[in-house]
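Consider the two complexes below, in which chain A is the common component and chain B and chain C are the respective partners.
And then the complex of A and B:
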């Protein structure tokens, strides 16, 4: 397996090596970092609104209720999924030892994706919101997402079918899993929900919300981590067998857990119990993956000093471990009674999507962007600064929201405290969250600027 | 067996879909067939069994109000569910009467559902009849005029549009009212 991995990766050295055009990768890299920056501004505004509620408060399209879905959809689909798709287009042909099946189809996918995101910005600001979490986009845009996803799926699967090496590295399974599961998960959350009402609809909605993270961002993110950790550290993966355990247990247990979003709520108790049981089982795929990736780095940790990609990747692995420990724990009824619906939840969600999966995507972009554009990274020092800004800002963001959320939950459970007092009590928390958000945003600007300066910078011969 | 998926893409695809669909179908398609209360509208005439009442569909005005509630994203900060927690029933009760726990049969006509995931503001599952129209007018114009320390946005463009404002309040006054839970019909209008 490792031999195949390094063979596929030996770049221009081997005779008759493939020259990858990577036009699709370029499209996705540039558009995803642009949205990371633009939507970062939206994120700052909504964090500021918690501290100064009258900020921009008399314009309909600048209110919290309009900007929040833009922040969520913009970050999930405009930045993270676009970056992940770009990296999939980068990795899969290299692991398969062939060119991408159709570069033209790939570019068309990238263009269509931009149309969708721009349409989302306009329609969400106008208040055209379907009313489902993560499923806000209006019907025409949801249909376009499905079309774009089918184009993406066809391209990647055809590349895999034409591969030169018979054995498939673990990243390829994760990418294929993501392609297939996403299709069904997205259809459930955006179309099947419309056929149901009430609790039945909510159950379909939570299946989508949970698996948007669990079966879209998790598999594609882990595929990226499984590729770039051995790649950037020049170290073979610790165990192929363990990666199988992680993948197939993920495939089986993740989808069962949607109802844990409604614990103590108006949904059948037995379904809540099933969701709790499977939420606990999530520890199996998570620990298998994390152990495998951590042990891969055994004796190689010193490399983190020099390689910014590894800093992001290994911090992402630790955040992944932490966020996926929180998940099963607050699916327990006793813990859930305290933290559910509090500010703990955005703390948890941000550690998954920003701390784990965006870290993987940032690392991949730092590695792939200079190579596909045939340039050297503009500034390694700036890249290190971006890491520390996002890391420290992120830690400030996560920890204050957990502490604040727990505190809020205790206050809610004491009914002698009026609700508004529990709001006022959290204002210091939201102030720290805003300051942490500014730090994260500065890190994002450094990252986006660094990549753009690389893209627009002078040609070099050092390209791999 | 899964070893085959190492070298065969078709095997990998089939196996990952089969594993996915087992859990997928059992947790989304099967539950509403097993628990019929998800689809049966609330109706109770016997006080011995708890609050009486009937779930009715929203009229055109209330539906317009609900559409505004969806459009403005109220549901990002307000949940609509009294959970099986003592604190929920006490906190959202009224004059010493506990709020009844939310049950699936109260939400049969809801689409999109508005259960919510985050309580930046209080739960609204039983807010119907809690405040009168004048209170809502002042509150939507600027929440901080009534509730010091509130961080809710002001909605002057709704208050300034009598038709939208009336519709939104009409919708809010229906919330939680399928169950007639307050003694002697003590609801604000």
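And then the complex of A and C:
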């Protein structure tokens, strides 16, 4: 075994040890948590607008129509994907037993990613929007995303190609799947949709939206969970073969599920049925992943008491199970007739993106940031507080929107209830959503402050 | 000019490409021994291939 160190912790390392510079990781860690905090403010404002619709008046750039796409794109690309990219830059070289292929290219990717996100903030507030869900960024920024992704892909793939070991751990498979799938999912959602019209355009858009979660955030998120759960608990994964079953079944079945957003719509019945069938088949990769990660922790659950990373990771696994059970169930025509287009859907989406994948990213950041900066975590107590605030706020948020969504759907299915009455009826739901959002935001502030205080804090003395 | 069908074919071409690549790499994993008797070795090795923390915990 060849020892590996971050540059910041390499003092006294034996000759021949691998020293990781981790400059790229630092770029992505700092920028992603900054966007998490900034876009968290936007999230809070739009949650407040549900309760107080006149909040901030009619100033164009402060309207719901401008802030909502900023929240979605900021959280997806500014926080989560940036954090995931940073953690990929941390994990892949270590699993491959080599340095990153090009630190300079990695830093350039980080700089370009920040240009894209800052450009998105300005252009979305100005109302420049392509008008597609998750595909709102204007064309020039979409092209830059493709360029940045090609840079990221080249760097990770070249690192993998020069790896020391032939066999690749499951996290690397998931990361490589993410690199490949993101390329075609993003191109389809941001370019092919512009050339289609009518129902076909809507179908392509929903294929993109669903696969943005399933083929971008899922594989990179699971790659992170598969790395940090064994490492944080110092326990080997239950079964690597089972992890490969999960990966390949995801690869084969996920791509066809997007059309379940169009159930009861004007698309072909056969396409709707295919989407339902493939959505149900998703239970195979999901259970393969969840069973593997839960059984890995058998006899090790006591470690959650002391390790905040494990709290986030294992809660994320449970949220992943719940959200992936919800997905196939509301793909059934009968359930879909009630919950489609209601508040159930943002409840489901937030549990996936915040409850599962952001929990994995937060855990990875808590683990990696002190190591790459060569510091001790500023406050373990504050980290635990951040967990409980986001956890309790998140649970309030998810469950309120599921219940509210069902209630909303039942009302919409009753033609004797005027639509505006269904809006007024939801006000208590949106009030709880806002209060839950405040708790989540406080947790985000604690997390961001803790990491920044760690980054800017005093150097720690090397033990060795 | 309506590009609806060319764009749909474009998307399905990508679907096919991804499916073909998935099949190719899946077969390759079998040849590379991921499903064989030594397929579990890697989960032990990954625990050794990380940072050796030198600062006080």
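Note that the second predicted complex is superposed on the first by the 445 of 464 C-alpha atoms of A that agree within 3 Å, B and C clash if a C-alpha of one lies under 4 Å from a C-alpha of the other, contacts with A are read in each partner's own complex, and residues count from 1 in each chain.
Simple rule for what comes next: a residue touches a chain if its C-beta (ideal position, glycine included) is under 8 Å from a C-beta of that chain, and two chains touch if they have at least 3 such contacts.
Here the structure is a predicted model, which means the values were calculated and not measured.
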Field: Touched partner set for A:371, first chain B, second chain C, both or neither
entry: second
Message: Applying the document's definition of touch, where does A:271 land relative to chain B and chain C: first, second, both, or neither?
response: first
First, second, both or neither for A:350, with chain B first and chain C second: neither
- prompt: Regarding the shared-chain residue A:236, is it in contact with chain B (first), chain C (second), both, or neither?
  reply: second
- prompt: Which partner does A:95 contact after superposing on A: first (chain B), second (chain C), both, neither?
  reply: second
- request: In the overlay, answer first, second, both or neither for which of chain B and chain C A:330 touches.
  value: neither
Message: One more residue to check, A:167. First (chain B), second (chain C), both or neither?
response: both
- request: Classify the contacts of A:193 with the two partner chains as first (chain B alone), second (chain C alone), both, or neither.
  value: both
- request: Report the partner of chain A that touches more of its residues: chain B or chain C.
  value: B
Task: Based on the superposed arrangement, let me know which partner A:248 touches: chain B (first), chain C (second), both, or neither?
output: both
Query: So which bits of chain A does chain B touch that chain C touches too?
result: 166-168, 180-181, 184, 188, 192-193, 196-198, 200-201, 204, 207, 244, 248, 251-252, 255
- line: Per the touch rule, the chain A residues reaching chain B in their complex are 49-50, 53-54, 57-58, 60, 63-66, 68-69, 127-133, 157, 160-161, 163, 166-168, 172-173, 176-177, 180-181, 184, 188, 192-194, 196-205, 207, 215, 244, 248, 251-256, 258-259, 261-262, 264-268, 271, 274-275, 278, 337, 340-342, 345-346, 412-415, 419-421, 423-424
- request: Sort out for me which residues of chain A touch chain C in the complex.
  value: 1, 3-6, 9-13, 17, 94-95, 97, 165-169, 171, 180-181, 184, 187-188, 192-193, 195-198, 200-201, 204, 207, 227, 230-231, 234, 236-237, 239-241, 244, 248, 251-252, 255, 370-371, 374-376, 460-464
Message: Quick check: in the complex, which residue numbers of chain B touch chain A?
response: 2-3, 5-7, 9, 12-13, 15-17, 19-20, 22-24, 26-28, 31-32, 34-35, 37-39, 70-77, 79, 81, 83-88, 90-91, 101-104, 106-122, 144, 147-157
List of chain C residues in touch with chain A within their complex: 2-8, 10-11, 14-15, 17-19, 21-22, 26, 29, 32-35, 39-57
